[in-house]
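Both of the next two complexes hold subunit A, though its partner changes from subunit B to subunit C.
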Partner chain A sequence: MKNLTRAGIIAIAATLLITGCSSTTGAAGTAVTNKGGTLTILTPSTKIDLDPAKSQNLAITTLGLIERRLTTWDIRAGRPATVVPDLATTTGTPSDGGKTWTFTLKDGLKFADGSAITSADIKYGVERSFSDELSGGLSYHKSLLVGGADYHGPYSGSALASIETPSPKSIVFHLTGAYGDWPWIASMPAFSPVPQAKDNPATYGQDPVASGPYKVASNKQGTALTLTRNTYWSAKSDTVRVAGPDSVVFRMSQDPSTAAQSLISDAGDTKAAFGAAFLGAAQLAQVNRDPAAKARLATSQAGPLSYLALNTQRGALKNLDVRKALEYAVDKKAYLIASGGAAAGETATTLITPGIAGRQAYDLYPAGADGDVKKAKSLLAKAGQSSGLSLTLLVLNDATSLAKAQAIQQGVQRAGITVTIAPEDENSFYSDATATDANYDLALYSWQPDFPSANSNIQPLFASSEIGDGRNNVARYSNPEVDALIAMATAEVDQKAAQALWAKADKRIMQDAPVVPLSYAKQSFLRGSKVKNFFVASFPAYPNYLTLSLAK
Partner chain B sequence: MTAIGSARSDAPTGLRRVAGRLRADRWATTGLVVIGLFVLAAVFAGPLTAISGQNPYTYHLDRLDDSGSPLGFGGGISPTHWFGVEPLTGRDLFAIVVFGSRTSLLVSVSATVLAVVVGVLVGITTGFFGGWYDRTLSRVIDVLFGFPSLVFMISLTAIVPTSFPKPLLIILVIGFFGWPSIARVVRGQTLSLRERNFVVASNAMGGGPWHIIAHQVLPNVSATIIVFATISIPSMIGVEAALSFLGVGVPPPTPSWGRTIGDAVTWVQTDPSYLVFPGAALFLVTLAFNVVGDGLRDALDPRRGVVSR
Partner chain C sequence: MRTAGFVAYRIAGMLVVLLAIAAITYAIFYLLPTNPAQLSCGKPCTPENLARVERFMGYDLPWYQQFWDFLRGIVAGRTYGSGAGAVTCATPCFGYSFQLNTTVTDLIVSRFPVTASIAVGAAAVWLVVGVGSGVASALTRGSAIDRGIMTIAIAGVSAPSYLVGLLAILFFSFTLHLLPSGGYVAFGDDPLQWLGHLALPWFTLAFISGAVYARLTRGQMLEVMGEDYIRTARAKGLTERRVVVRHGLRNALIPVVTIFGLDLGGLLGGAVITEKVFSMQGLGALLIDAVHTLDLQVVVGFTLFAAFLIVLANFAVDLVYGLVDPRVKARV
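This part shows the complex of A and B:
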């Protein structure tokens, strides 16, 4: 859980090398793929760990180039995300009412060393993600597999009995309960094959055994990761990876604003490059004044949710009227401008984000663009807090987050609520926000779902099982009624029925006002002029690395 | 030797002479005027920004376009916003710069006072008493000199609980790393003063060590202390700005030049005036303190006095 939440947050913070995408370059089309050239990816990350068990990568970014999974995502401009078979022939066959899932591998699959990929390699890959030394990866599957709660990985010699491999080509997963979104879970990095003979948990992430179109040529942490073609990969067995460039270079430790400047000038090497970090407000303003650069900008549709978490277990915020007052007092317009204006997002009112199937739009606290101070004041008076309410706001210590925090601060100040900003560096911020003992009243948080289902919008943030201990229920919201709704929706295998339940949970949670939804972020990425088929689809809000090619 | 002693013994004349020399130094006079203006701006920040009806906290979103950059010439310069407005918030930049001088001067002057008090105390006592006390503290000073102080300050300001008042923390931290240099200079002067006839005489007449320190040694190092304090203020301002620039200074929304400069760097292509005004303020005030410090040193230097007269 912790890992999953962090993945989402970090994606938005652009601190991890997760990819993004945009939709404006769709006109370039997907027609003919040119082969050859060296694609450069400029990333602010100082470290790229390719170990699938430790990764929170989206299926369409870095790890997707090197490691195939049972299933993967088909991400195209202007179309909703779908889950498609990758190593498997189908996206999984459920039986036992959704509690058992069976996959069969395609024929002729090979690792980069020429050996065959078997179902045992996938079983081993999933098993090692349970081990304590390989932490930090997406962990949805860990609580779903039977016996997962007490399993600690294969290094102590034990296997996980709930994953069966009846033949080298087939693999069966036994779940603790019905889970309709399992095909999405099987697209996560941990479902990549790892040959047991080549595994050393300490170093595997440096140079994993590739199953995708690229393998590691060199990996200098902090400087550059270079990928070259894996000749054992066959395009015939792969419907989503195009493998255009001959090699891909991740240039690490790139300052985002410096990278943006060199991409704007589009000279030399950067013509065949793109930035993995989305643009900040200042760069966006600059690109918008430069028609040549603007043509190379790809902006996502409104997606990841930014919100103000109200610590529902602390002081005055235990009172529903105080939380409702905050819903009205916050100046969402100032917040949006502080994040970069209309190009950087849309005002949010719901928890399920646009682009997720089954979302129902509503606004429980209609307050106009910049809040309703009068209403906030009357609610505070009702709660007996008409003056002197003072709250601390936990926020990441970077210029963008501080600008956003100040927008919140000045907004609620109008209703007489004093906010003290507590900026913390990334590590302390996430550990404090997800700690078991909370030391904050408010926290500025954002969330990108790990897979495009309302499940991933709601469960990690509002289930009472997700409070503290590194988990992402930062509002510390606990309501048995909502927990029951979440359990029902999770077990529902019929997608339509599940979506209706999630939409109901969304509204029910907002009635308790544990968070103030602020914006659905739009993320903009800049490419060099030679990069083709660079787009950001409706989900996720990052470019698709797998379909890029370079112009001659 | 005795010349110095006699020059110090009639202090009023000395002060008047120093003031006269300073007045003759055009650069130092200009520097003093600039410092005076900044001090006045810092003290009367409220009334000063009230002239145009502004304060550094109110948002003016109507002054921004829909991407958050200021509308109009030079970052939104207008009769109500003399320096334009801040991108993304629309807050008045003039008010931010004026209130920022308050932060800068308060932190730097307080940190200097702290550094001078500690430095003089340590310098005089180590120089005067000597022995193991001197050897121990001199090693401590050596260690502090070689210490990567900026890195230490950043980590310290990052780990101290947020409930501890940040401005006080910054004053303490900057002041703590400021005292060794002044202590070393004062110690050197004390070492030579200790052997002088008037100190030996005072000792022979039964003056206790603290009496000698207070009445014989301290007055004779006061010139050094004044020059040193003046010269260290701009470096303290610089350190405060650097900490704010790096995001570990006073927390927002309290205006601080360093933080504004840090934010403005990314805007330099689209809104250069956002960087120019706080940058110019920081440049002017540090330059002014340095020029005045140089002027003071020249004015207090007895050899220069002999040559010039």
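This part shows the complex of A and C:
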């Protein structure tokens, strides 16, 4: 990945020498940025809703081009993600032990209509995300802000008292408890400014009032979204967006196979395009056979965690030795091959994933590449389960997931554990895996955190409060000691101290073996030959749209 | 008077069929072990957030009440939520998609031109090519032309549309760079681009369906051309062209008209695979997306619309019979 970025920089530098065209150093400092051209993004999405209240967009993709937030993510290849100020001057100042957070806006910020961005616009943007008609977005803040549980948005005329705007440039958030990761929460789409006078909840997502480098020129749902420059955006106030292309076109409803084929052929306007969807195993194999296309492939460093959840509240799996036996019995090498091989991921041993600050590498159950069957058998014997242990495995009903499940099944069979695979379609799978009443022993699960903090790796998957009711503690793991550690790490406002606590929680959880970490997934994306500074970091495993430019 | 009674009887029957289809679709979705509100719940989806969404969308009500509200919305419109943020769905309200933020009626109206462009164009091509080659094949029975046409027809009947579509894209778009690989441009925006984007879908559908029409027309023509009245027509000294067109083809077309009506009606309700392969956002693509995302209101509204088209096509076929075959007209 580093080599690809470096190659891009050299290519641009060479072009500049030949053409003598103007350029600037990228605001993000990641590459020299050409200005001009139309960047095309091929996406299978049939709709692009730009309403920040309804969005689950990553900070570095679509909405990040149009809507700035209080804070945002600085994503670079080969480095852990960091939170940085966006509209605010800092990533927030905590007080009251982390229960109150204050932000001050930068000078001279303007919307695309020329009006000033004020703290009232941020407050209104957050408030409208509580409206029943604007559900569907990232909602971590809703349970953290005082009074959030009973608040239903500003459309009925009420305001949320826990957000104060003492001046047009400052905003204060009062939380129900200390929360050290509030700077990350303030980077979510709902923390974008929305001018109340321009808000119509039914249509705002079609053409929001831009605060970022681009504004909507046209938005034809199902066909194309075209963005053009917002002349009121100032590069001086923005450290993460380089705004290279003059315009950006999202071509919607693109069949992934056809889009990949277009990019491989690299003809016409696809030279200045990239695919928003990661390549499947078949497309990846096709690209790998074509050296010219392969040179334009960006593969993420190992990132999101795939794991085998062991239902800790069910039958034999209540016994720690049985769970430890599964840690040793699973054949992770076979699992990785079933996932698509080395291009699809790396073997995992920790819960906090690579690319997340503070991660400590360790392996509590060293079993070699394909498991330690002997050790697994001895642990089963110790638990009185030498023979006849039979478990059900909940899995998504698609070819890749079934192949992965069979790899698990065959791996543990070597230790005498019989696994029955229970495939379910996507909606049923997630409903059953997160239901209050669990009807499975094992579940093949994966997790892509919503923000790049260890908190997002650990708390949603292992806190006792996250069991059932649609929540993601699929292992149904409950340990008061770990809950206390999570609470302590969550409240810690010092990032270094918090990271140390999360790393401690990571190991402590794995001592109880509620899950078998299987792989850190990799994702590959293809670009046209004119797209520069195209990279995919560990987290998020998607290209950074904010730093792209086009070769002349 | 007899015709008016026939029409009234058929319309009443159509309404009963449509009501039954809506009820069955609603019941099927209600019986699914999943919750559509969960997809609009946000992340993390806490029980409080889920309850809010269910209440707002009306999914907290029993299925029969949801169905009743749906039917009432068709004649009286609906409002979801209250205050400045309330969502209004005007009469006739066939539901509201909370995932696409628009009424089902508007969705169908906006997507229909895409599907209609595909369906009508493709139908015209396959009808002309299919019937024409079927007649040519019948009139040259046993010749190289006949064998050639029937070989192509067998290939067309056997080939799945996604395969033909992808091969067409590979050849005409990626190899020859003659036509775009997908997407849709409205006729009003650029007629030439509209034609260019539709050429491959038309070819794909026409290749598959035209093959059926060619085989059917050939079979019918061979049968009809052997009838006594054809011999009589020839004996009366009519030109061969008049014999073939007026006496042969007109009779051979009766079953073709039946199938054509149903095919066109079905296709207007969405060319699902073709739309997906050519990245076109027509009604078929809308339905597939709605099923995947459990967008119940879109599925029910769309199913009603598609069923309406089929029922209407049946009705139209019955009326056209009268034009093609005077014997039918006498019985209506």
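The criterion applied here is as follows: the second predicted complex is superposed on the first by the 506 of 552 C-alpha atoms of A that agree within 3 Å, B and C clash if a C-alpha of one lies under 4 Å from a C-alpha of the other, contacts with A are read in each partner's own complex, and residues count from 1 in each chain.
The criterion applied here is as follows: a contact is a pair of C-beta atoms (placed from the backbone, for glycine too) under 8 Å apart; a residue touches a chain by one contact, two chains touch by 3 or more.
Being a predicted model, the structure only gives us computed values, none of them experimental.
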{"item": "Subunit A as common anchor, with subunit B and subunit C clashing or fitting", "value": "fit"}
{"item": "First, second, both or neither for A:460, with subunit B first and subunit C second", "value": "second"}
{"item": "Partner contacting more residues of subunit A (subunit B vs subunit C)", "value": "C"}
{"item": "Which of subunit B and subunit C A:254 touches, first, second, both or neither", "value": "second"}
{"item": "Which superposed partner A:274 touches (first subunit B, second subunit C, both, neither)", "value": "neither"}
{"item": "Partner chain in contact with A:47 - subunit B first, subunit C second, else both or neither", "value": "second"}
{"item": "Contacts of A:134 with subunit B and subunit C, given as first, second, both or neither", "value": "second"}
{"item": "Superposition-derived minimum Cα distance between subunit C and subunit B (Å)", "value": "6"}
{"item": "Contact residues of subunit A, present in both the subunit B and the subunit C interface", "value": "257, 261, 428"}
{"item": "Touching residues on subunit A, where the partner in the complex is subunit B", "value": "257, 261, 280-286, 288-289, 331, 333-334, 337-338, 340-344, 370, 392, 397-399, 402-403, 405-407, 409-410, 420-425, 428"}
{"item": "Subunit B residues touching subunit A - in the complex, by the definition given at the top", "value": "57-59, 61, 64-69, 87-90, 158, 162, 247-248, 251-253, 262-263, 265-267, 269-271"}
{"item": "Subunit C-facing residues of subunit A, complex", "value": "46-47, 49, 56, 131-140, 142-143, 149, 152-153, 155-157, 201-203, 205, 221-223, 251-255, 257-258, 261-262, 265, 267-268, 427-428, 430-432, 450, 460, 469-472"}
{"item": "Complex contact set, residues of subunit C against subunit A", "value": "32-35, 38-50, 52-53, 55-56, 80-87, 99-101, 110-111, 166, 169-170, 174, 177, 181-184, 276-281, 285, 289, 294"}
